[in-house]
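Order of writing sets the chain letters: A, B, C, D and E. Residues in each chain are counted from 1.
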Amino acid sequence: MSVILMSMLIGLGVALFGFTLQTTIGGINRKVVGRMQKRYGPKWYQEFLDIFKALSKRAISHGWIYDFGVIMAVGGITATAMFMPITDSLVAFAGYDNFFIFVYLLAVGMLGMAMSASGSGNPLASIGVMRALTQMLAYEVPFMVVVITIIKVSGTSSLTGIMEFQQANGWFALSLPIGFGVAFLSLLGMLGKKPFETYIAPSEIASGPMVEYGGKQLGLLFVMHEIATFIEVSLFVHLFLGGASNIIEFLAKYFIVYTVANLISNLNGRFKIDQVVVFFYKWPLALAVLQAIWVLWR
Amino acid sequence: MFSIELVVLSTLLAGVLAYIVSIKLPKLGSYLTILASLAVFSVLAYFGFNNNLDAEVNLIPQFVLFKTSMFGLYFAIIVSFIFFMVSFFNPYFIKDYKYPAAYNLFYLMALAGTIGVFFASNFITLFIFFEIVVWTSMFLIPLGKKRKPTVTYFVFSTVGSFAMLYAVMFTFSITGSFDLAAISVLSGKSALLVYILLAVAGFAKLGAYPFYVWLPKVLGKSPDPVSAVFSGGIEKLGAFIAFMAILRISPASIYLEAVGMYLQNYVIAIFGAITIVVGTLQAIRQDDAKKLLAYSSASNGGYILVAIAMSSSISLTGAMYHILAHALASTAAFLAIAVVHYRTKTTKISELGGMIHHMPLTYMVYLMAIISMAGIPPMGGFISKWLIFQAVINKQMIIVAVATFFGSIGSFLYVFRPLAALFLGQKLPKYKGVKEAPFLMMIPLIILTLGSFYIGVIPNQVIDFSNKVIAEFGFGPLLMNEFGIQGANGTLSAPIIASVFGLGVVVIAIIFFILPKSRKVGLMDTYTSGEFIYTEELLHYSADFYAPFERLYPAKPLISKVYAMIKEKVNELGRFFKYWFFTNKPEVTVLWIVLILTLLVWGDIL
Amino acid sequence: MIQYASIILIMLGLYGLLTNRNVIKIIISLNVFEIGLNLFIISVGYVDGGLAPILTGNSTSVLSFVDPLPHALVLTSIVIGVGTTALGLAFAKKIYAKYGTYEIDEMGVE
Amino acid sequence: MNPVLLIAIPLLFAFLSIMNKKFARPLLLVALLLDVYLVFTISKGLYSIGGFSQYGINLLVDQYSLIGLMVVNVVFFLTVVTNCKEVKRLSTVLLVALAGVNGLLLTNDLFNLFVFLEIVGISAYLITSGNKRPLATFNYLVQGTVGSGLYLLGLILLYSMTGTLNMALILPTIVDKAIPLSNLALPFMLMFIGLGVEAKLLPFNSWVKGVLQNANALTSVLIAGVFATTIALTFGRLLSTVFVLGSISNIVLVILAVTMLAGEVAAFASKRIREVLLFSAIAQSGLIILLFANGLVIPAIMLIIANIVSKYILFTITGKMVDGTKTDEIESLQGVFSKNKLVGFAFTVASLSVIGLPLFFGFIVKLNILTSLFSQYQLFLSALILVVSLIEGTYFVKLLIKLWYSVGEVKTFKVDALVKVVTLIFALGLIVFGVYTKPLTDSLMTVPEEMMEAIAERGNF
Amino acid sequence: MENKKLTQAQMDTKWTELGDFFRRKSIWMLMYCTGCCAIELPQAMTSAYDMERLGMGPMATPRQADVLLITGYLSLKTLRRLVYTYEQMSEPKYVVAFGPCVINGGIYHDSHAVLNRLDHYLPIDVYISGCMPNPESVMNGFTDLMDLIKNKTAVGWKNYRDNNEWYKKNQMDALGEVFVHDEFHE
């Protein structure tokens, strides 16, 4: 029992670490993007300021489901983050860091947010949720196919197991280059980076699901967004880039992946939502399946 | 000791009793259905768990034989539980039916029939009860508003049951026995034929591709309790048959090295995969909440088929688990929609909105149900989907995997739609006085939700049971430890996930309540780009929810066109015969006589 | 020989049934058919050079008897044929009463 | 008791009834009652008329004909009782018909069978003349006459080859004289066609639609129930004890299969309730003869019994319904049973039994049929039967649902208590037999043996 | 009960004070770009002046925003929208007004459709002068707003709350009574 309690504390630590890390790196990235656009850019801790400011504001509430959804969303994402290994030895629930837990527990957060957004009664929020879900349907399937290949090759679905496998046999980014590319596209979709940010679309549907949020709900959703980004990027790092044996390595890989994704995002326009679906179901899925067949039945 | 025969017979008798009572007092009769189904469920559960059921047959004449098996018991307990749960809704809906007495009778007869199917010891018994279920449940359908689905249901069910009958008779003609075990004796082509026919029977009842067409029609149009019973209970007969077909028959065929299974199983898995995809795609575009759930039932049936077809310990456990989880969740969802229907008289998503403000409990029940149906922890559906995914990955069936993932993610889309547009969204003024579900309706809603939650957090008991079941098919048990289930490539610990999830929510909730209190505003006070909107309907996004996505695929499934064509062809043939053979001209018969005689004389026959 | 004749009659009767659209003519064709049939029945019992089948106590005559049974049968058959014809004519009258014509084509669709 | 009374009494009464029209109906009832009483008291055995043994006419009472007599006479009686009003004009004809029916079932002589066939036929023409559709009846008459003529032709050909008309002696003679099968094809085909006209087999049954389409309760039950059963039983006896199908069996099987399919498909395409039922009756008779042709006597008899009972219910109720509502369009009959629940119950039970759903007699019959077909390894035929009964089930369910549930205005019709009671008793009978069939199957067990024994015994008179 | 209410109000003040620390470095704008002054905002935001380095950024909805920018003249028609939008913002909230039109109607002062004094209808925290104000003065205005927040003198939203009746009366006077038929006809 005490082991589990300990694990839970570590898990909370991981979640907090993830939040801090992603918020920092997010801030740095804003600066990077600013420099790219020949601007000075904000301070590296700007994201913290934004989030805490939002948390301190006196917000509005559209009823209990509006609040409950937010709690469920952030709680779910926090819970997901608690399972995330940071290095191959630093993991809260050793042995239970199953890949599918992340996929489905992540969905709780999404569901909570979607519920809360729809509960606000704003049609723009519902449209945003609709787009987010449709996009999820698009990027998730190719990604999962790639991950099946990885799981089947490494013989385990535990993230630490996959990490150890890669440390022994080389990164999957190198041995499964096509899958790596596909998964990176999916990562862009997951992170909501351009060209896959249709569901936010600030000037079109007024930031979609977030349209009604202000104050602490908005702040918490920012927290959720940061943790979710942390989970998604870490997943990518662990699955393809051999994970990490120490924190520095993890930070480096994490920073590179996120920055590259962000840079690509800033060079792109925006897809329509049906274009997103068609895009993912055309080449990425076909390539992922082909690669899986090639790798598994070679 | 309690005899199965007695359970079946007394249920039938209770049905007759309920019929007689409800001629004068329909409501009392419907309470009787609650009592009767409670009795059936408790007897089965109590004596079944204690291994104390008696299979002897003394009263029912002829060839009816029963036997007890964990396999049958598992199904019987689930289905009788679903019948029991749904029966709470009967008193409220009974007054809407044209023939309330008949409803009560057929409800209990269908229950008796299902119990009979699950405990059947030979195929004749199985078939008899199977057909009883078919026709009794068939008469439950037209009590709703629409009559047409009855015929559709009859046709598809009968295709299934006749396929089964043919298989049974064929087995009999070869082995000379009606025993359930006889099909495992078959070999070669005959085994393949029986396999296909039984699979068709299972497909038809489970609503798998290409027979899923009846599900949306029947579940969408029949009375609400009937839809729930179909989705949670009667449909599971198909899974029962499919289990027997796929696991008990072993026709010699090509062994696919790549996926480690036989060709015919692979074909079944592919059909399951198609079912998942088609069901999901169609569910996404439905406007009727019940039809949407019906397509989701079809899609979940596809999961069960895929899991059975893979036939390994883990996949079979997944199938058993999915049957339970889906029964609970889908029934809860249907019942939640039934409450909405009962209160608002419509199930069209585009006509409803903001029901959460009228019926929060129903909303929570529906929410939990869809969490389970979408396979999200900490509900039962997560564990079953996890098990199935483990098996799919283990067998490395890429195409099937694509379909299962597609269905799994797609289920977020379709289950969310009623949630967003029906329960959430604007509080429409036309449903102003709508109240929460009546007390008696709440009971099953709450029990089903708790049950779904319980099996999602503590799966050990169910898996113990299903281990015993799959042992009957000769598969080893699924390994478990204190916290987790041992999968093919990972461990799952449902309690830990649930408690971590709980912890996360509690932590965030504490933070949330520390932060400054929010100001309450109305739903109409939303951001509209400065525009003034006074009509709730205009601020409610519910029609054509997934319009951009729906544009990408055709509205009507191709297969329904095929069925329409078959029907038209039969009609044409009928008109053809009527034109050529049934006229008022006396010479037609003479002509045919002459023709046949000429044929006889001309040919070499004479 | 007579068998061929009777078969031709039967054929004629059937041909008449096939080609005629007049109620009375149909009945006549039916009669032709029946006559052919009756002739055929009688022809079956015919024995070349046979005697009338009357028991005279002469034991050798039995072997050269014409078969008496078809004769008996044909009587019944003729009676039945007459009955049927009468009934047919009665119906023909009824048809005429209802439609005012004997031509089936002119009666329209029922 | 001598079974000849079964034929003689109605004939006698028929003559009496001509003397005094007033007593016609009472005489009919008395004759029927007497016959019913006789049927249950006669003993099995071979009765030769006039003591000519195998040279003369024989009446055979065995289990087969006994069951047939019981069913037919009881249903005949009930039909007359429940349709008293319509009977009045037809009493004499019905008496003759009764004699013919009993004769057909009892006779053991091919020519005698022809005579009874004609008696039944002529009475049937007269009965159907009550429909006020003289052309249809005329059509029936022409076809029936041609049919029986062909039967006579075949019979004579057979006689010329075998030299006997005794049904029990034909098979042994064929074996004794070693007559080649190819010679037998024509007579048997002719007889088959001849009986096929009366038995409503497909290319020879264009009369059925005209006759039954406009029939009232009495006519339709008599034609589709009583006469059809009698003809089917007669046909069955011929097919199982006389006919050597040999080379024509393929044609016969095709005809029967097509009859079955065409009947069901045509019923599927029909929009009038009487049309649906009459096409269904065609298909059923096709199935019955098919079973006989395959030598499956027991299932065939069970099917005949199930058929006559359910046809009685269906046609009686339909007749009354059409009388009451003045329409037989299914669309305009919607929801009629919601006002006549008991009648609707009987109708429903009968249809479910016809479809072959469990708890009803039809299910047991279907199971028996399939079991026997499969024990002969008749894979194609059984598949066909299943397909056909799927179509049948479809239109019956459609019909039932329409009759129980209305969309608009509901028409009403009155049914007198007697009809209600009788149909209900029959419906309950279907349920009881559906649950507990043992006495029936036991009594049927000996039928085929007895039939064969008769041939074997009397081959050496 | 009385006690608790007090603490609630105090809590809110505490949170606001705490928030002000972050807020002055993170101001999210909602731009109500009806007037010509809006043309100056892009320069202020992009590379030349880079508003983001002060922690400012555009937001899509009033719920998320801290400051409402009113860029130029305001017509009668748009006042209702503006008030509606302002009231949807969550507290604390600020208003920055651009150009002379919001002070006295500017060059449109004699138009029947233009409101001359905005501060009768909404509390303004900062005016930015110039017709149109150049980017430097825009930036200057924002730094002024940050100073005001730091000094706790940006209290327009409190004034609006405290003198709500007065503001409402002015708004009503300007707008007159609005007869609402449906969404498209007032």
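By definition in this document, a contact is a pair of C-beta atoms (placed from the backbone, for glycine too) under 8 Å apart; a residue touches a chain by one contact, two chains touch by 3 or more.
As the structure is a prediction and not an experimental result, all values here were calculated from the model.
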Hopping only between chains that touch, the fewest steps from subunit B to subunit D number 1
Outermost chain relative to subunit B, judged by CA means, is C
Per-chain C-alpha mean nearest global C-alpha mean belongs to chain B
By number of contacting C-beta pairs, the most connected chains are A-B
Outermost chain relative to subunit D, judged by CA means, is E
In whole angstrom, the CA-centroid distance of subunit A from subunit B equals 35
Per the C-alpha centroid definition, the whole-Å distance linking subunit B and subunit C comes out as 67
Whole-angstrom distance, CA centroid of subunit B to CA centroid of subunit E, is 57
When centres are defined as mean Cα positions, the distance from subunit C to subunit D in whole Å is 28
Where subunit E touches two or more other chains at once, the residues are 12, 15, 61-63, 90
Going by residue number, subunit B touches two or more other chains at 515-517, 519, 525, 527, 584-586, 590, 593
Note: subunit A residues in touch with at least two other chains are 56-60, 206, 211-212, 215
So the touching chain pairs work out to A-B, A-E, B-C, B-D, B-E, C-D
Subunit B partner, complex, touching residues on subunit C are 14, 17-19, 26, 104, 109-110
Within the complex, subunit A is touched by subunit B residues 258, 354, 356-357, 360, 363, 367, 371, 374-377, 382, 385-386, 389-390, 392-394, 396, 398-399, 401-402, 405-406, 409-410, 412-413, 416, 419-421, 424-427, 483-484, 487, 489-493, 496-497, 499-501, 503-509, 511-512, 515-527, 529, 539-541, 545-546, 548-549, 551-552
So, in the complex, the side of subunit B touching subunit D is made of residues 61-62, 98-99, 124, 127-129, 131-132, 134-135, 138, 142, 147, 150-151, 154-155, 158-159, 162, 165-166, 169-170, 172-173, 570-575, 577-578, 581-586, 588-590, 592-593, 595-597, 599-601, 605-606
Contacts from subunit A onto subunit E in the complex sit at residues 30, 34, 37-43, 46, 49-50, 52-54, 56-60, 202-203, 206-207, 210-215, 218
Residue positions on subunit B within touch of subunit E in the complex are 515-517, 519, 525, 527, 530-535, 538
